[in-house]
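This report concerns only the one structure given below.
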Amino acid sequence: MADIKEIIARRVAKELKDGDVVNLGIGLPTMVANYIPHDYDVTFQSENGFLGLGTAAEKGKEDIDLVNAGAQYVTVKPGAMFFDSATSFGIIRGGHVDATVLGSLQVDQEGNLANWIIPGVMLPGMGGAMDLVVGAKKVIIAMQHTNKGQHKILKRCTLPFTALKVVDMIVTEMAVLEVTEMGLVLTEINPEYTVEQVREATEAPLIISPHLKDMI
Amino acid sequence: MADIKEIIARRVAKELKDGDVVNLGIGLPTMVANYIPHDYDVTFQSENGFLGLGTAAEKGKEDIDLVNAGAQYVTVKPGAMFFDSATSFGIIRGGHVDATVLGSLQVDQEGNLANWIIPGVMLPGMGGAMDLVVGAKKVIIAMQHTNKGQHKILKRCTLPFTALKVVDMIVTEMAVLEVTEMGLVLTEINPEYTVEQVREATEAPLIISPHLKDMI
Amino acid sequence: MKNKIKTVEEAIEPIKDGAIIMVGGFMATGTPEILIDALVVKGVKNLTIICNDGGYPGRGVAKLISAHQVKTLIASHVGLNPEVGTQMVSGEMEVILVPQGTLAERIRGAGAGLGGFLTPTGVGTIVAEGKQVLTIGGKDYLLELPLKADFALVRGTVTDKKGNTCYSKSTRNFNPLIATAAEMVIVATEKIVEIGEIDPEHVVTSGIFVDVIVGGEKPWQI
Amino acid sequence: MKNKIKTVEEAIEPIKDGAIIMVGGFMATGTPEILIDALVVKGVKNLTIICNDGGYPGRGVAKLISAHQVKTLIASHVGLNPEVGTQMVSGEMEVILVPQGTLAERIRGAGAGLGGFLTPTGVGTIVAEGKQVLTIGGKDYLLELPLKADFALVRGTVTDKKGNTCYSKSTRNFNPLIATAAEMVIVATEKIVEIGEIDPEHVVTSGIFVDVIVGGEKPWQI
């Protein structure tokens, strides 16, 4: 079986369209950039202050003044632009980002998101996540389906919310789920799993799409 | 008797301090720039989008892309900066302009200002005036004392307000008036007029400063 | 990559009668005259124009007003265009006056996804009529709402093929703001350059905001 | 003209115990380290620090936190500095978490004279607690208030003797915003140049905002 992260990143990449402006979260979501077709013009936004994020900087060629939102040394592509944080979040909140891809602790059937705090355990702060999920046109959650067997896709989030009714799609190593008015719809499944296995790994009820297909 | 406009502009210029950021309105207020001591570093803001406004452009050397808020061709001084209109009014509203000098139709004893509309007669719009007078640290009205004998300095403005309780000082060809909690205080007088003449030319009651001096 | 460069006629093709259009410029400095001229030729009617001012005869949005194409004008100043007064008095055109800083901030707010903002400007004046007043820290503010448009007509000086744009001197004014607040953004520019020719530190309007680029905008002749 | 250039010690002299200080930087990229170092040496206590994040050990505002000089930290993210968690749990330091876009906009709003703004960010979350919710066009927004400080510690790359400043790449972040929102603004910069050497189109922070310029800020060494 292919690497779990690669499966997820590859599938998320297919959601991005030529010409899109995209913000990728730290960690797994960053890998999505590797799987976008080379003839696509996708502009990556880095919320710490630029459009036109390129690849990671080569070892030894780092520019100390140029980091992404994860504080990693990166490059920019031709046609980039630098700006301040108010401008950056104006772009985000103003709906000028076509898609944002983030990890999550929990998502629920209403598209509510909880990914920034575990009271008493982890309080890193929300950073730009709350703005990104209310502002981006499409919010894609890219994460492992469960936390070592513990449900993450719930009827109702138990952790404090990041935002309400914002998630459009959940991509895991097992499946692709779309958030609809009716609830979560299973639209694609990794052929290595059965629908029953996905159901068991998901607390929220699943509507099986009549067009259910393999997740490639 | 010296030119009325020159008297007013010269006196207003004395209110400006080394290091000040100043916005001058169109017309008479623009002349204030001519009377600032040469060793003073006063930065002029032009609300259409720059700091560091210089002199009018020489005939034949106009830069078509560089006009002041009165659409006149101008120059900028070394150390200038261009910006957009939201930034410009952020500077103005945010209290970063030390003084603004404007003409007016009416001012009253509470420092209320009416300078943008005569209903049924003149409706040019307020332009940036409403922002300037609420934002600038010091609001100086530079105008002729009366409109051909008709009172302009009133108990209460009769024209629609530009803003309430914003005027700090009124400079006319007859006198300098300061707006205080107690009302208008006559602090300086043009020696060509008597206190009685100033009183007659002013509808609002005047408090005569115990330190009344000549307006030079 | 999608080609954003179009002719003036192609660029304004989607603009129909009744459109809400933001236009850059301050007393026409920074107004994309070639787009205005094309709209006059096209003859679209009942436009709502959002612009700092009414231009002045023969320049900027004044040309649309003179051609009786404007139903509503939202501006901060109309004193230099006598035709505005005439059409206001006759009832042909509605004029909504907005303080300049409030106009700029309402457009920025729309582009930045804000639901509104509180400004001290206009408190106690006609501008406050019908608006909510909120008191914060003992001071009164008006709640002003964001302002969006169908189209933004932007005047650039240098634009790359992605749409990244720089403005010359005082032509900048409302242009970068309206570029963020309209469904379709058309930039008429003096010079089109290759991607990468503009230093990323100096771009003022990102290409992500720009839908259509038109070359051939010229400096006004004195 | 007043000379704004001072030594680091002169620059931070007015900063006393209990001061409210905004610091530029994003995970310390764009933080004026020489000013932070000087504050550590000076040993001022009970500071309120407003910064995007808590830095990370040995860099940025983390140095003030490790030296137990911070009473309150207002930031959007503190996950990369474990010391923040320790001092939060022990009750030594209060941490107020603010969404990054809201933090940036609150600082901008303070600098721009706004009484507040309406944002959709945080609606229905802990962030909304105690805040007024306004419904505009059927959508809920939080009323967020402006945020000011006594001092802003800004990191510039090139600064002229008036204080006009440019920033290199991603060091810009909060620096231009905090420069508008504090009583006293201190810029630590890499290079001081003569007035007129920076193109007026490329200045990011105007010298009118800058009270004190300190040279000698260095790029961080990897």
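Order as written gives the chain letters A, B, C and D; numbering starts at 1 within each chain.
Following the convention adopted for this analysis, a contact is a pair of C-beta atoms (placed from the backbone, for glycine too) under 8 Å apart; a residue touches a chain by one contact, two chains touch by 3 or more.
Because the structure is a prediction, the values reported are computed rather than measured.
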Item to check | Chains touching both subunit C and subunit D | outcome: A, B
Item to check | Farthest-lying chain, centroid of Cα atoms versus that of subunit A | outcome: B
Checklist entry - Counting C-beta pairs in contact, which comes out ahead: A-C or B-C? => result B-C
Checklist outcome for this item: So, in whole Å, the Cα centroid of subunit B is separated from that of subunit C by 29
Checklist entry - What is the distance, in whole Å, between the centres of subunit A and subunit B, each centre taken as the mean of its C-alpha atoms? => result 55
Item to check | subunit B-subunit D separation of Cα centroids, rounded to whole Å | outcome: 35
Checklist entry - Got the subunit A residues that touch at least 2 other chains? => result 50, 76, 82-83, 86, 89, 92-93, 134-135
Item to check | Interface hub residues of subunit D, defined as touching at least two other chains | outcome: 105, 108, 112-114, 119-120, 167-169, 200-201
Checklist outcome for this item: All chain pairs satisfying the touch rule are A-C, A-D, B-C, B-D, C-D
Checklist entry - In their complex, what parts of subunit D are in touch with subunit B? => result 1-2, 108, 110-114, 160, 162, 164, 180, 195-196, 198, 200-201, 203, 206-209
Item to check | For the subunit D and subunit C complex, residues of the former touching the latter | outcome: 105, 109, 112-120, 134, 136-137, 139, 141, 143, 145, 166-169, 200-202
Next on the checklist: For the complex, give me every residue of subunit B touching subunit D.
Outcome noted: 18-19, 21, 41, 43, 50-52, 76, 78-83, 86, 89-96, 134-135
Item to check | Residue ranges of subunit D in contact with subunit A within the complex | outcome: 26-30, 52-53, 56, 75-80, 85, 88, 95, 97, 99-105, 107-108, 119-127, 157, 167-177, 204, 219-222
Checklist outcome for this item: Contacts from subunit A onto subunit D in the complex sit at residues 46-50, 62-69, 71, 73, 76, 82-86, 88-89, 92-93, 117, 122-131, 134-135, 160-164
